[in-house]
Amino acid sequence: MSWTRDEMAARAARELQDGFYVNLGIGIPTLVANHIPEGVEVTLQSENGMLGIGPFPFEGEEDADLINAGKQTISELPNTAYFSSADSFAMIRGGHIDLTVLGAMEVAENGDIANWMIPGKMIKGMGGAMDLVAGVKKIIVVMEHSSKNGDPKFIPACTLPLTGKNVVDMIITDIAVFQRPDHDSPFKLIEMAPGITAEDVKARTTAHYIL
Amino acid sequence: MSWTRDEMAARAARELQDGFYVNLGIGIPTLVANHIPEGVEVTLQSENGMLGIGPFPFEGEEDADLINAGKQTISELPNTAYFSSADSFAMIRGGHIDLTVLGAMEVAENGDIANWMIPGKMIKGMGGAMDLVAGVKKIIVVMEHSSKNGDPKFIPACTLPLTGKNVVDMIITDIAVFQRPDHDSPFKLIEMAPGITAEDVKARTTAHYIL
Amino acid sequence: MKKLYPDAAAALEGLLFDGMHVCAGGFGLCGIPERLIDAIRDAGTKDLTIASNNAGIDGEGLGKLLRTRQVKKMIASYVGENKEFERQYLAGELEVEFCPQGTLAERCRAGGAGIPGFYTKTGVGTQVAEGKEVKNFDGQDYILERGIFADLAIVKAWKADESGNLIFRKTARNFNQPMATAAKICVAEVEEVVPVGSLDPDGIHLPGVYVKRMIIGAPYDKKIEFRTVRQKEVAA
Amino acid sequence: MKKLYPDAAAALEGLLFDGMHVCAGGFGLCGIPERLIDAIRDAGTKDLTIASNNAGIDGEGLGKLLRTRQVKKMIASYVGENKEFERQYLAGELEVEFCPQGTLAERCRAGGAGIPGFYTKTGVGTQVAEGKEVKNFDGQDYILERGIFADLAIVKAWKADESGNLIFRKTARNFNQPMATAAKICVAEVEEVVPVGSLDPDGIHLPGVYVKRMIIGAPYDKKIEFRTVRQKEVAA
């Protein structure tokens, strides 16, 4: 039985440590905020210039000057600080953000990630994804194990244009978790969803990884 | 009859235009602030992180957190803004300061300036001088025409280690004013102190300039 | 030196020319210089190269200048949600340089700070690195990115004092601050101008040296792209 | 996650080692991290490389670490007014790298921003350019300067909230802000810690992400290097 989106987010949330500063991408990564473990204090960063993202505002309290990087209305917290986009990415690029959780179209066995464009389709742009994968200390990808066509997404080499080269530290899919201790090591299969066997994972993965 | 220090400062002040943002060096350049022409509003920048320098504070109102780049206590004005040293020099290097008035040990006919070290003497450092001459739009040097030994200071080529290469726009000495329209042109003698003749200037100058 | 102009057209007078480069602040529709965009549209200035994180949406923000075909080239990080943009881009009528968001912010900050080039890890090994110098520092590859310095910056702030010191509000600061520094001249539109001495000198986000002209653009009908709310919990 | 430590020695515990690199905020004696300097002196950490705009004066600021011979190398822009510095430097006991003030500030800002190198006009054609790469951009020469990233940054701020957001006061901000970003860990000393929610989120000078540990250093007996005053005009 594969993990739900919420279970994937909860698994990613287990990587959070007390005092971490974290950037969450759009989609499943956003759900990570709902699963922050008890006793762990994390501060969420939004790359459009904010530390200390609060929950969505109450109806009627939306503020057009207060949005996240997904352009959704949000609220502030007592510890919130605002800054410019230049200062925000100085923080990201300088390695001051501890962890980011992102979605991906493909991850390669060498840690490459592709999540910004599909040749032949309209290019919308990479936004801050390239900066995040290049600068944040730990990169966790949360994605479905297979594409809608059933193709593996954790593969020997990315076929799509890259977002970053050799940057991913951990992959959480709906059936398994892969991790590596550093960027010179291969990924290791460390967890599987209930009822999923190592053989199931192997059958649905083309990337090389260790057990 | 040569100009006094105050007259030299007043001459430099005539280069100020309404709305200018100006950085004044230590010594005679500081006196320029006393000669700002009527109807001309200038904002003084201090490279340690301030725009809108006010006069020295009244006795008893000195604030250790409020000093200029010469480490003297100063006061703030209604339009004052504070910022970091990084932001301050971004402003300077980026060409946003209109004019700086600096002292010099030597200026060469090609616009080179030397004002930070004398080989064999203790080196104190260049402070912000190299950044100012590299970044500010217009560089005015105010200096005695001759050294204490009577040697010319406006010379064919600097003998001391440079602060900046081909950066000076105008030279105001105690006997003459030289100017050039751009950094490809030679300096031109444009004014002399009362009673000083072009021959006097020529006799006391080794640099090439035009009349 | 009076910096306050009666309206956007007056504030831009003498500054616009065909083929010019413009840096525009804002993120999505948050903190965009609406009045100044309208005035550029009305002036009909053509062949613009615009550096802006986004390209507005259809009929909002820079989308207005796309609709009137005044834009030759966009330097942006994300241009989703804009059908006219998509049409012109796919038809080859619009040139686009995609730039990672942080690299774009830093390129403008660098341009404004007199830095013509800097090295960054962002984009190494990707399409973004194509044609760019790669240099290794301490065992790690970086690519050379160029500073951006435009003819004109247009930004939106919350409050200004009469000397042009600006403060922004919440996440509407975003690209407005670096963009304001990255041009020969910056024109700002603000919600309110207060007398000098009204703003905390320790709290200025953009010192007046950068702001040459400004207008009061209020009242603003600020648009929200994605309105997300939570429900108030009602006592059972 | 509590960031507030009882005193400077506790805040530096486990962070100090011989031969380490330190970035120290302050300009002259304005905004220097006095308590943390005292604690490093008391810890006796040796062979320090310190990036700081100045080297203190005799017996004040970094002058204290010079007196105890704990400093191997200074990276500074101006070191006047320090006799012990002069003695050690002339005797070849102290290594000094002179760096233009703006370049020093930018090198620290760059290091903190993940930028290993940037190009600047400052110092072109001078001794500062010796041994550095020169590159021509648009007809103008620039030199490559390296980012600075130290093991430890020590800074002084005015107020902190409990989450480590800092605000500085007047010109005491100076190098404290860029230096705080340019190290693996930054320890801050402040005059006052206020509860979260007490500071204006639009007015934070250094977000808490940079500040890992802090102490209250008050009361401060702030030193003035050059006391300059004017006389009150008295009505005749």
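All chains are identified by letter, namely A, B, C and D, in their written order; residue positions are counted from 1 within each chain.
Simple rule for what comes next: contacts are C-beta pairs under 8 Å (C-beta built on N, C-alpha and C of every residue); 3 or more make two chains touch, one makes a residue touch a chain.
Being a predicted model, the structure only gives us computed values, none of them experimental.
Under the touch definition stated at the top, chain B and chain D share these contacting partners: C. Rounded to whole angstrom, the centroid-to-centroid distance between chain A and chain B, based on C-alpha atoms, equals 53 Å.
Separating the CA-averaged centres of chain B and chain C is a span of 35 Å. Averaged C-alpha coordinates put the centre of chain A at 27 Å from the centre of chain C. Across the assembly, chain D contributes residues 106, 109, 113-115, 120-121, 168-170, 173, 201-202, 205 that each touch 2 or more other chains. Listed for chain A are residues 76, 82-83, 89-90, 92-93, 134-135, each touching two or more other chains.
In this structure, the chains touch in the following pairs: A-C, A-D, B-C, B-D, C-D. Residues of chain D that touch chain B in their complex: 27-31, 53, 76-80, 86, 89-90, 96, 98, 100-103, 105-106, 108-109, 120-128, 158, 168-178, 205, 222-232. Residue ranges of chain A in contact with chain C, taken from their complex: 46-50, 55-59, 61-68, 70-74, 76, 82-86, 88-90, 92-93, 112, 122-131, 134-135, 161-166. Residue ranges of chain A in contact with chain D, taken from their complex: 18-19, 21, 41, 43, 45, 51-52, 76-83, 89-97, 134-135. Note for the complex: chain C touches chain D at residues 106, 110, 113-121, 135, 137-138, 140, 142, 146, 167-170, 173, 200-203, 205. Contacts from chain C toward chain B in the complex involve residues 1, 109, 111-115, 161-163, 165, 181, 195-197, 201-202, 204, 207-210.
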